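Next come two complexes, and both contain subunit A; in the first it sits with subunit B, in the second with subunit C.
And now, the complex of A and B:
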């Protein structure tokens, strides 16, 4: 009962703050801008992307459709969503310390573990809302503006999916993307527990993501040993849902690694926050 | 006052790095007390209060509240306590009602809207409850801070410098409210302050701490009115006055030629005797200013 009350209150606090809506507005504006730009000049982009292929293949039908636009948007935005997650989640504990409101809340009967868990659940729900908004806006608006059709995906091979074989791939890709954003949320939440101001966790989260992304992508032998342990190695695995033969074993392993990151980071957060002296 | 110990603190220690902030502190608060917790800035008052409400973990020592060990029974104890630690800070983007609701719900306490309006009225914020807290003055925030402490109708209040930031009228109103909470509503109150006169006006018992350690504890009236005073005489002839006063007291006498002031430690009944003696020896006495010994000691700390 207490847990439900505190979680509802944490959600209320998140959605009472103007900064929460900056993230939604950012997603809305970026997606509208991309879709408008493609609407105006998209055929050139598609021609450019497929110019080498046109020598060997004959393309017909509506290739510049809502699904193709959504796939482009997903590729473009997955690096930006973590910033929007960190913007709100990084403030959840550090913001209370900064404002001095912990002096009220933590002198009430609630335990620190309950409060911390409620805040984290609220953070996950907020992250989910971002991903759902991203999905709805990119897919629904894309299909509305550009119509539907087959999806061309250029990975190691050219994958062409028929219209009735696409939606479930997007749903699973968004679900996996949410798992990735939960790791970002857990990291940001952990840094938020360490700090008494909100800027530190936001910058810290982005710095760690950028550093880990470099370590994951640079083909240098020294990084080969750490690469399997970095969440950034697995965070783009959502693209595997757009393979002909989906490697579920690889996706399951990646999901488990991401899940392990969430559990470990959240456990550290609980441990640290539970013994932290509130001096603010 | 009651004979039940509401707060019992024993051998409390807390260090930050190499600095000992609270040093072997022990005291107890009885049911029905307004217990003054007095000390200069930096004496360790807020750290002690933060340990009493589990915001800070002590290095060692025992804290028992309403007869229960704080470490083992924190949720139950917190249900009986209303707490205001240092300056009150709120969610600036919410109004007073939403702040009270959010703070209590975040802390796992569900309160009715009616109770929120009751406490808002009790602290004199009626008419301002729908304004966002970012528009509030420091005094209004202080009142709202007290309102959140009263929300769940606790039997024990721990108030850290509740008059901070208030104007003289606000200080008086806060004082009257605290006394009324004790006398009318029967609440036990632990009141921290760095102002002796504030404690004197409200508390029945008090503890003075300095550098984290207990200096003196006891009944406020008895401690402050032991009948021993440091008395400043503003006189026309300081040297002659010193010689005369040394006939009636063995305590050290200090003089200040620049201000024509002589200071002696005298008992209550020695003050008129000293005055008569000076006048009889043709020394003009321009002013007599008695300062209670404990008051003077406390002022020397601050």
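And now, the complex of A and C:
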């Protein structure tokens, strides 16, 4: 009961801060901007991409539809959503330390573990709200503006999925995307526990993500050994749901690695926060 | 009796002229069959097999009207090979070609005449074609070399349609691999992937059924 009450309080705190709404506004603006850009130039780009195919095939049907736009927007997930997650989650512990409210909170009959867990659950729920908003807005607005139809996915192969074979892929991709964002939240939360001001965890999270993304993406042999241990190697695995033959074994492994990151980072946070001297 | 070299030459010239005429007769037979079909509508099931394109089997409706109007409409999105899927629109069965009889060949258990066809129109994309035509003037196989798109071939299967319309066409064609711009897909992973060979061979199988022939199809269908 105390745990639920503390979590509700933490959610109230998150949603009473103006910075929380920056993330929602950013998502809305990004989605509208991408949709406007695709509305203006999408057909030309799609024609350019498929020009080799057009030389050999006649096309029938609309490929520039809401699902295609949603897929493009989802591709931006790993670029901008981590920053939006870090912006709020990085402040959860460090912000309290900075404002000197920990002493007051911890005078209540709430254990540090309960408080820390409540804050983390609130962070997860906030991250989930971002992903759900991203999913609903991109899909609903996309279908409303561009209509529905089969989905074309441009990867190393051109994958075309029938309309009745798309929605479940999006749902699983968004769910996997949420798992990835939970790792970002766990990292940001851990850095927040280490710091006494919220700027450090936000910048720290982004720096780690950028560095790890470079290590994961660059095809240099020295990074081959560390790559399997970096969460950024797996964070974009949601794209596998748009493969023609889904490698569930690979996705399960990636999900387990991400889950392990969350557990390890959260355990470190609990351990550190339990031992931390609350001086302000 | 000693054979005169000139008589031998004349013999081969006559034989060649006969063969030439024979090739034209065969093409005329095919053309006569074609002209009986003013228009048609059919259901098509399209299976595309290209290594860099993954698409499920699609159902579509195809429309044809003489001389060369063709359109297909699919449920959702579908691809149909530009060449070979519809023999009527392959610009070979007309007067503006040179046809040469080559030989007889058996395809399956059907005896066919093999004819080389060279379009005379300088704007024709097809440089040279080979047609395998049965004695009842059905085209069973077609191989063409084009100016810009490499080669393509098509194998036709027939049931017992009164207008000799095919029940299945298997098309094999050359295709260039599409280069997908990363800026469009934002898929940075693909940067590390080694690109496949640029030229490849594609295959498509189109099964036709439910033919409706000479229904007086409106031109509006093709707009």
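Everything that follows uses one rule, which is that the second predicted complex is superposed on the first by the 279 of 280 C-alpha atoms of A that agree within 3 Å, B and C clash if a C-alpha of one lies under 4 Å from a C-alpha of the other, contacts with A are read in each partner's own complex, and residues count from 1 in each chain.
The working rule: contacts are C-beta pairs under 8 Å (C-beta built on N, C-alpha and C of every residue); 3 or more make two chains touch, one makes a residue touch a chain.
On a predicted model such as this, the values are computed, not experimentally measured, just so you know.
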| item | value |
| --- | --- |
| Subunit B versus subunit C as contact partner of A:101, first or second or both or neither | first |
| Touching partner for A:236 - first (subunit B), second (subunit C), both, neither | second |
| Of subunit B and subunit C, the chain that contacts the larger number of subunit A residues | C |
| Which of subunit B and subunit C A:53 touches, first, second, both or neither | second |
| Which superposed partner A:159 touches (first subunit B, second subunit C, both, neither) | second |
| First, second, both or neither for A:225, with subunit B first and subunit C second | neither |
| First, second, both or neither for A:115, with subunit B first and subunit C second | first |
| Touching residues on subunit C, where the partner in the complex is subunit A | 48, 51-56, 60, 72-74, 76-83, 148-149, 173, 175-181, 184-193, 196, 202 |
| Subunit B residues touching subunit A - in the complex, by the definition given at the top | 50, 53-57, 74-76, 78-79, 81, 83, 85-94, 98, 102-110, 148 |
| Subunit C-facing residues of subunit A, complex | 45, 48-53, 55-63, 72, 75-76, 79, 149-150, 152, 154-163, 165, 217, 219, 236, 239, 244 |
| In the complex with subunit B, residue positions of subunit A that touch it | 2, 5-6, 8-10, 12-13, 16-18, 99-111, 114-115, 275, 277-279 |
